[in-house]
Amino acid sequence: MPKVPIQLVLNGEERAEFVDSGATLLKVIRDKLGDTSPKGGCHQGTCGACSVEIDGELKLSCLVLAETCGGADVSTVSSLSSDGVLHPLQRAFMENFAAQCGFCTPGMIMAAKSLLDRIPDPTRDDVIEAISGNICRCTGYEPIIQAILTAARANSLTAA
Amino acid sequence: MTLALQNFPSIEAATAALASPGARYLGGGTLVVRAANEGDVELRTFVRATDPRLNDITVSDGAVRLGASVTMASIARHPQLSAIAPAARAVGGPAIRNMATVGGNLFAPAPYGDFAVALLALDAKAEIDGSLIPLEDLLAGRATRYASSIVAGVSFGLPAQGSFRFAKVSRVKPKGISVLSIAATIEMAPDGTVKSARIALGCMADHPVRARAAEAALAGCRLDKEEVAPALALAAEGTSPITDPIASAWYRKEVLPVHLGRLLLS
Amino acid sequence: MKLEKNYFADVRNDDLTEIGQARPRSDVPGHVSGKTVYFADRHIPGTLHLKMVRSPHHHARIRSIDLSDAERHPGVARILTAKDVPQNLYTILILIQVGPEDEYVLAQDKVRWKGEAVVAVLADSERAAAEAAAKVKVDYEVLPAVLDMEEALKPGAPTVNELHPGNYYLYDSGDHRKVRFGDAEKGLVEADFVLEQTYRSSPIEHAPTETTGCLVVPEGNDRFTCYTNTQAMFFTLDNASIILQMPGHKLHMVGGTVGGGFGGKVDVTVEPVAILAAKLTGRPVSFIYSREEEMQISSPRAAETITLKDGVMKDGRIVARKVTGYTDAGAYSRHSPYGAQKGAAHYPGPYTIPNVWIDTYCVYTNRTPSSAMRGFGVTIADFALEVQMDKLARLIGMDPLEFRFINAYRDGDMKAHRQPTEGAALIECMQEASRLADWPVAERFMKMSSYKQEA
């Protein structure tokens, strides 16, 4: 099988790998780069469990070919906490019971982070729109919305 | 056979590569990579053109040109494209909009391709091999004549203030797959009647189509309940809606006049 | 959250310290940091990918299977058919003596639903497995299919499964489960009003975000580790042991956090064939449903058809209830004979009715086998019952909540299947619901109690 060399930054760290031609970024992050936080729920772009940021834009890693990410800066939910200190969104998801089975959570938090990076003080409708590409089947949408709004409020308090 | 990605600096070279069996053009990946993931064994090669002009948006003197690789997100946030932003925002969630392209939308099978419906109502032209082709022709021939063509971009006139309307009908709120999408460009005469109307429908055929009978019936009407009724009755004329897990052809025909009516009277 | 302590105040010990307090979930730090390990969060080099070739027909005889092209496809390690499976005929609930074994791990002679597993292809990559699967040639003779329960029960209907003649599950009580209590016919004759209604439901898919799957690793000593997202570890272990004719100690089943189940992961559909493949190839095997398989192949909640005939008096008492319920098992039993039986026990609902007559049937059709989903057997029944209760209340011009107070079961009441009611709290729940929903009922109902009958 032909292998292609790629080099990218994953969660702040320079990484280089040989990947299968045609392999998705999701597969490479999980199988080659060892970060299993993005999940494969549908491999068709409907569930959002594989959401990551590529050069600061939220994208679905199941639909991106790894080869097209040479030189890119890729972040998963693993980038949000360091030395055991959680991101305000992660804390808010914990405290608001916004995770049940947890499978959608990494993608959901990345979608929420992408929102708060653009709009630090979102309305409820902004939040609903921001997670409209992420499916939660334990139907915890309301706690998820509350968690994101809570994290936004916590952020604005810190900023002030 | 393993999958391969081929990058070409020019659209011409990519077009030549697309003639090979199993080659498919890779735009944002939301259709083609999905097909590969779902085990489409016919697909062998992703072909991509990296010409930076594919990403250009130009707006000057009311004329718009969108490069084929322009994403829905770039359209939605462009300050001069606010009139058509609702149609770009109707596509997918935020992650999909950061990936899905104008070119891909033109080839997206129903029930996808909401933005192509908007472009059809804007009377856009598609740029293929240096010539401009009416969008209606491209959409009708996208599975046949233009199946291996690469669209470089689309051009259209920016609609006058308030003349462009768009609605995506889905069962899941806030965002689901289309039961229907409807776009309309309505030009009004000074006397408050419709001077001309272009209405485009998604999911009412395997590709976006114009509602010509309704357009003709609308001419000269005031936009009130009584006067638009004849146009609504003709809305589904000549259509053959898709049946899929979202809705049956029967249902789509039944609800089209209701949603077109709401769009026209809103 | 507020804990209401005034209910049952005279009979309960007020020593609860945890109930009413919010407590963090123990697994949530892993979820929010992406560190929780699901079965597929393991990369095992050298893994073979299993792609299932499935029936494109609702009902067909298999004339022949030609694997010659597929076997020659680059990257293919092995292809499995029915003859490779040691004990191909199985049924999940045989573990609790609910037989007969009626389903094939890989189709043998016939396919009975569109999507039934026929041939398992194992290859070095998902792509190679998909390509080889496309080269498997199965010659089918298409047979008439029956997709509707009422049609399936008619004389002369196509036989879905030869092990279930007549297309119904044969209980020890005959072709249906029955409950008889009092004299329902007499009750209906004596009632002021009779209402007969039929309710129908469609199959419902659980659609978990994580699809069904497993990874199997040979340990090199004829023992196999199977990482699975089953919801029913011991069903899986014991059925795999039966199907593979391997003692349980050779099967090292590893469960863990499941990415959504809702009952959809209690069937045993991926592990036995994946373990078999690992055993025959000596290599790790991954068998994970695609999203399309999860939606189309995994068992849904059963479709049901329920006819309720109730006799009610002007004063609000339900005096007779007659129920005929049909549960669509699809082509094979899985959990549906049990679901239909649960329905039989459940139909009076939480109401005390002196005359009850219930028949429930588990019916076979050429549809996707149905199975467990959140309260299966009673959920659809409850929908039908409560819609019926509203209609009955309307029929006699009574408030629907007061109508339920009149008929609610209370401690000491005899249920139709002859279990005396105990520990009922329905009255108190309705009293609280009445307050919270601001839906007032007459004072006498607010004074009722589940455990003290008024004079």
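For the reader, a short list of remarks on this structure follows.
Per-chain numbering from 1; labels A, B and C assigned in written order.
The rule is short, and it goes like this: contacts are C-beta pairs under 8 Å (C-beta built on N, C-alpha and C of every residue); 3 or more make two chains touch, one makes a residue touch a chain.
In this text, all values refer to a predicted model and were calculated from it rather than measured experimentally.
Taken as a contact graph, the chains are fully connected, with every chain touching every other chain. Comparing chain pairs A-B and B-C, the larger number of C-beta contacts belongs to A-B. Computed from the mean C-alpha positions, the centre of chain A lies at a distance of 33 Å from the centre of chain C.
With centres defined as mean CA coordinates, chain B is found 29 Å away from chain A. Centres computed as Cα averages put chain B at a distance of 42 Å from chain C.
The set of chain B residues touching two or more other chains comprises 2-3, 38. Multi-chain contact residues of chain C (touching two or more other chains) are listed as 125, 127, 290. Along chain A, residues 1, 20, 22, 43-44 each make contact with two or more other chains. Chain A makes touch with chain B in their complex at residues 1-2, 4, 20-22, 24, 43-45, 48, 51, 57-60, 62-65, 67-68, 111, 114-115, 125, 128-134.
Residues 1, 20, 22, 30-32, 34-44, 46-47, 49, 76-78, 80-81, 86, 89-91, 93-95, 97, 99, 101-106, 109, 135-138 of chain A are the ones touching chain C in the complex. By the touch criterion stated above, chain B contacts chain A in their complex at residues 2-5, 26, 28-30, 33-34, 36-38, 46, 48, 73, 92-96, 98-99, 174-175. Chain contact summary for the complex, chain B toward chain C: residues 1-3, 38-39, 41.
The residues of chain C lying in touch with chain B in their complex are 51, 125-127, 130-131, 133-134, 290, 292.
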